[in-house]
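Following this line, the structures themselves.
Next come two complexes built around subunit A: one with subunit B, the other with subunit C.
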Partner chain A sequence: MRSYVQGPASVDESSQLPLWRRAETMDLVYVGYGLLVVALVLASYLLGALGWLPHDPQAMNVGLINAAPFTPGHLLGTDFLGRDLQARLILGIQAYFLPGLLAITISVVAGSVLGILAGYRGGWSDTIITYFDNLLDSFPRLVLILLVIASFKPDIYYVMVVVGITGMPVIANLIAGKIAFLRQTNFIEAAHALGLPAHTVILKHILWFNCRAALVIQATLGMAEAILVETSLSYLGFGVQEPTPSWGNMVQAGANYFLQGNFWPSTAPALAILATILGFQLLGDGLNNLLEGKRGK
Partner chain B sequence: MKFAAVRPVSRVLARELAVTALLLLGVSAVVFAILYLAPGDPLNVLLEGQSPRSELALGMREALGVPRTWYGQYAAWFGKMLQGNFGNSIRTGLPVLPELARVGVNTLYLTLGSLALTLLIAVPIAVHTAAHGDTAGNTAATIGAYILSAVPVFWFGYIVVYVFIHKFGMFPLISGTATKQAQAWLYFLVPIFVLGTASGTLSEVIRHLREELSRVLAEDYIRTARAKGAPVWRHAFKEGFLIPVTEIVSAKIPFLLGGAVIVEQVFNWPGMGRMAWQAAQDRDYPVIMGIALVAAAFVRFGNLLQRVVFTAVNPRASKE
Partner chain C sequence: MDAPLLAIENLRTYFYSRARRALIRSVDGVSLHVAPGETLGIVGESGSGKSVTALSAAGLVSAAPGVIGGRIELRSRQARRNLLDGLERYVRVKERDGRIMAVEKDDRGWRRRAETLMKGVRGKEIAMIFQNPRSALNPYSTIGAQLVETIRLHTSVKGEGEARERAIQWLERVRIDSPRLRFDNFPFGMSGGMCQRAMIAMALSAEPSLLIADEPTTGLDATIQSRIVDLLAQLKIETGITTLLISHDISVIQRLADRIAVMYGGTVVETGRAAEVLAPQAQLRHPYTAALLASVPSAEAIRRKSYLQAIEGEVLDTIDVPRGCRFYGRCNRVTEAIRENCASLEPPLGEVAPGHKVRCWLYPASGKA
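Here is the complex of A and B:
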């Protein structure tokens, strides 16, 4: 039980406060951690793209293999060929960053279009889109991706198109649900009564004013999914191939030494995956609680 | 009264069955379309290294009786599938469906076992947090579930294997196959434990159940029940527990099957996921097609069960 009773008066009062003051502490912690992760990923991506790495990620040092962290010269240690783990971790972000952005762009844009068609037009387009959503939801994502890999031998960008397509139903349902709710509100009715064209109502009053927070949240969660898919595929040997680093194939490469007690080379990328996916998930959920007011009490 | 309520429910169920059948038809169309659009020709795999001449491929095509049009091919393929003929594996030459049935049982053990474990962990946490609100312990449990669900399942598998080797002196490396040893059941439980805790379903089950249950517990009818001293849990059970649990379980079946691909790979579990990995490696079309179809059928069946529960529990569902 909550120790206080929230009456209507206190709700009014508290809604005057700035967002960060009426938020719950945990949500702020979630969002703060998430933003930190996003900033780190972004900075590391840029470092990798510009080639400003602490070491050459491919330079081997056979005299110093599977080194522990804080070894002089190698802050995060080295892998089974004596390559610098820090440099490889930073470079590993290249493997999922742009592909992940592609996936979430596809799901957000195409999902919104489907959601608008289903929610705004209704009728037959609603039925067809619901069917299409259910159809996509029927496939385990990894199985569908393996099917596509077996048929096309695609590179990671095409795989991410599949990830983007399988991410559409969530967004479409979300937008359709929002529109079903918004259509009954006075301001949308007023917009229609004023004779505003449909695209203004949809793009400005529905998508921009009322759905942008939800879309950002879904995009954040979608990035977590994309990272999960990329690292899983690289682990399974279908994604980025050695010697190009990806967090997934780094875990896989280090795993051979894991059972001998050399945890670090596969644990370092695993922790990077853990911290990053956690960051995107917490950012999404925290923002959801803050902006959409869905409190998991 | 009861009799009147029975009819619409059965009508709804008939409708759900029809929808499921339509969706499975769509699933087969998607699988066919992917293979049809794929570059290259399965015949090239069959004829590999024998003859590059196109007349020969054409002759082979005629000899095998492959229809020329896409709808002809789809109809022929679909017709054979209805008779239980999913084709033969290119790698092993064995018929796909019996092979799938053989390994599918192992995947079923793995996914159902991990589902049970997930619920065993998630339900107490969710019910407790919904009933008692945010306490320090609840916050810790929630954060723990978040972290656990972000752990890469393949790495977590190695940790568990390491612990078993070095702490318990066991080698659960070929799980599911070793049956002689006294602790054979442990070989079964380890992958189930890994998939059940670290597949990402845990935190979502907790979140969904907690949100729904706390929403229901705040409803007027629960307040009324509480005020008149009626058992609150019995009143909240259907809407606040049964429906959200079946909803999230059916929504998470595809994720469990996807997670099974990785866990089976880590533990050498002889299931459908490992078979899918092998098939993707070898570009073994018939096998991966069969797996995609069977997995989608699993998902639709889970969804159908959820709709059945929902319709049975919620009389309003029959009004749709």
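Here is the complex of A and C:
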């Protein structure tokens, strides 16, 4: 009997599958979890905007201080002023999200500009940017933030501007490195030979086609970083100020009662921080493997 | 001969060797003419300056000092200009005994002026294809999207859908099978030959006056190479495009070129009609051309199982350019009568037959010393 070998329907079948079918399961789990966290953050805004909170997050109930979880009416219990923990937890993320976005925007936009200057033009702009990067890298960030707070005011947006600026060097290096690599490949030269204007080559062929994945990944990691910074600052009392709830100041406030056996006022936001940072980190990691991994081979 | 579409006069493109603190005379006074509709093949070993000549014509030399002198006259329907017009004021050269010893170049001024001159020329009037086509395509974008981009940039077709149709037509014209499917392929999903076809489509889709093909078959499989050569030959008939073809492969040049320029050590050593220069029985030819031709395996040589003839010696180091003929050190046809000339004076490019010039002291027609 004769058998014919059936050739593949298309030469490059694998690259024509949708992304999610080509991916490793774990990466999908990471990204899925990360997206769930993002969805919860957005849900928090929705709930807050609609006023669908279990309680008024600012309402104190002196008769019900440090109530245990599952107290009737208070699923997660109350804090040291008798405020509902569940409501404060839901609103707590909002202390980070927009400021975090500001930090990310600053570091991605400014970092990209610096990276392009350093990588594409080279020469003295490269030297200056490298020195600037080293300067920022060598200065402890927390000290810089405290300096800014001391000279202006303890506002989370001021903090995030600093976080954004200190996050620039990473992005700038990333982009400059990418460009250094891309310039060795012929296609950037070929793009010039085809007569494409320089800004098209830079913005479209370098930044959009070749760096967007890396930038998205850096942005998610930057969000995790922003949350972590606010938490550390709250512990020093310089983070988001009471009575606005943030997970950082909730942990800090609850910590005073931790050893008296009332562990939940600080444990609940601490777990929320853990889950959220993990979510953004895994999102970045998973996206990295999904978007960058396949072409690394 | 018609008025040339591209006339390169006395082009000099030098580079600086940091390691040896000296100038590399990659292209040292090259003059070439390409008539409309004609294919001029530039042939030579690696390092003979043929690619740098092409890159200079396209304004793509980026290393310092780069192009330092000459004229590159483009006379197409849309653009008539010297692409190096007024650039000499950015360069100051220090000469000794008629040789350039040092170059001072205002790189930024030069670049700004050169970019103005190149505006609407590079990509539009002068298109280019390269070796290793896979790396010349953006790996993160489909070939269709890249083709649409050049079409919308360089032609009157501006609409997305219209440009898409035009792109598919071009994919068809370069004989890519099922162009509609290939439109959405990424370069990594395609073979090297297919990428070169896409690259050719991209270069020609701008409807340029001149196509510079810089080693278009290098880096491809042998069977694919001949397919690409076939395609270029067919496209030449179909579109009548003027081509500057650079290759170290004489068989490619033989198939495609109407005229030939043989380069050695940064200069043109022989130029003429392809049939004449490559004719097997030709007597009046430069020793270097003869050696190049002898190094190509012929069917007969393979049958006789004779060895391939390598050219003795090494490619001229264009840092230490000798006083006399550049090929003198490797030449096997030096006679006692001309030895003195060969060693001390560079021969001029003299006409040995109408339209056929050779730079060699062997031919008295090449003029007096």
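The rule is simple: the second predicted complex is superposed on the first by the 270 of 297 C-alpha atoms of A that agree within 3 Å, B and C clash if a C-alpha of one lies under 4 Å from a C-alpha of the other, contacts with A are read in each partner's own complex, and residues count from 1 in each chain.
The rule is short, and it goes like this: a contact is a pair of C-beta atoms (placed from the backbone, for glycine too) under 8 Å apart; a residue touches a chain by one contact, two chains touch by 3 or more.
Since the structure is predicted, the reported quantities are computational estimates derived from the model, not experimental observations.
Visitor: With both complexes overlaid on chain A, does A:Tyr33 touch subunit B (first), subunit C (second), both or neither?
Guide: A:Tyr33 contacts neither subunit B nor subunit C.
Visitor: After lining up the shared chain so the two structures overlap, which partner does A:Tyr45 touch, if you call subunit B first and subunit C second: first, second, both or neither?
Guide: The answer is neither, since A:Tyr45 touches no partner chain.
Visitor: Which partner, subunit B or subunit C, is in contact with more residues of subunit A?
Guide: B
Visitor: Determine, under the contact definition given at the top, whether A:Tyr158 touches first (subunit B), second (subunit C), both, or neither.
Guide: It touches nothing on subunit B or subunit C.
Visitor: Regarding the shared-chain residue A:Leu135, is it in contact with subunit B (first), subunit C (second), both, or neither?
Guide: So A:Leu135 only meets subunit B here.
Visitor: Have a look at where A:Leu236 lands relative to subunit B and subunit C in the superposition and call it first, second, both or neither.
Guide: The first partner, subunit B, only.
Visitor: When the two structures are overlaid on chain A, which partner does A:Val251 contact: first (subunit B), second (subunit C), both, or neither?
Guide: After superposition on chain A, A:Val251 lies in contact with subunit B alone.
Visitor: Check whether A:Phe80 is in contact with subunit B, with subunit C, with both or with neither, and answer first, second, both or neither.
Guide: Neither: A:Phe80 stays clear of subunit B and subunit C.
Visitor: Identify the overlap between the subunit B-contacting and the subunit C-contacting residues of subunit A.
Guide: In subunit A, no position sits in both the subunit B and subunit C interfaces.
Visitor: Sort out for me which residues of subunit A touch subunit B in the complex.
Guide: My answer: residues 1-2, 24, 26, 131, 134-135, 137-144, 146-153, 224, 228, 231-232, 235-238, 248, 251-252, 255, 258-259, 261, 263, 266-267, 270, 273-275, 277-278, 281-282, 285, 294, 296-297.
Visitor: Show which residues of subunit A lie in contact with subunit C when the two form their complex.
Guide: For this pair, the touching residues of subunit A are 10-12, 15-16, 185-187, 189-196, 205, 209-210, 295.
Visitor: Flag every residue of subunit B that touches subunit A in the complex, lowest number first.
Guide: Against subunit A, the touching part of subunit B is residues 19, 22-23, 26-27, 30-31, 34-35, 37-39, 129-130, 132-134, 139, 142, 146-147, 149-152, 154-155, 158, 161-162, 165-166, 200, 207, 210-211, 214, 253-255, 257-259, 261-262, 265, 276-277, 279-281, 283-285, 288-289, 291-292, 295-296, 299-300, 303.
Visitor: Which residues of subunit C touch subunit A in the complex?
Guide: Result: residues 58, 60, 121-124, 127-128, 130, 132, 135-141, 149-150, 153-154, 181, 185-186, 188-191, 199, 202-203, 206 of subunit C touch subunit A.
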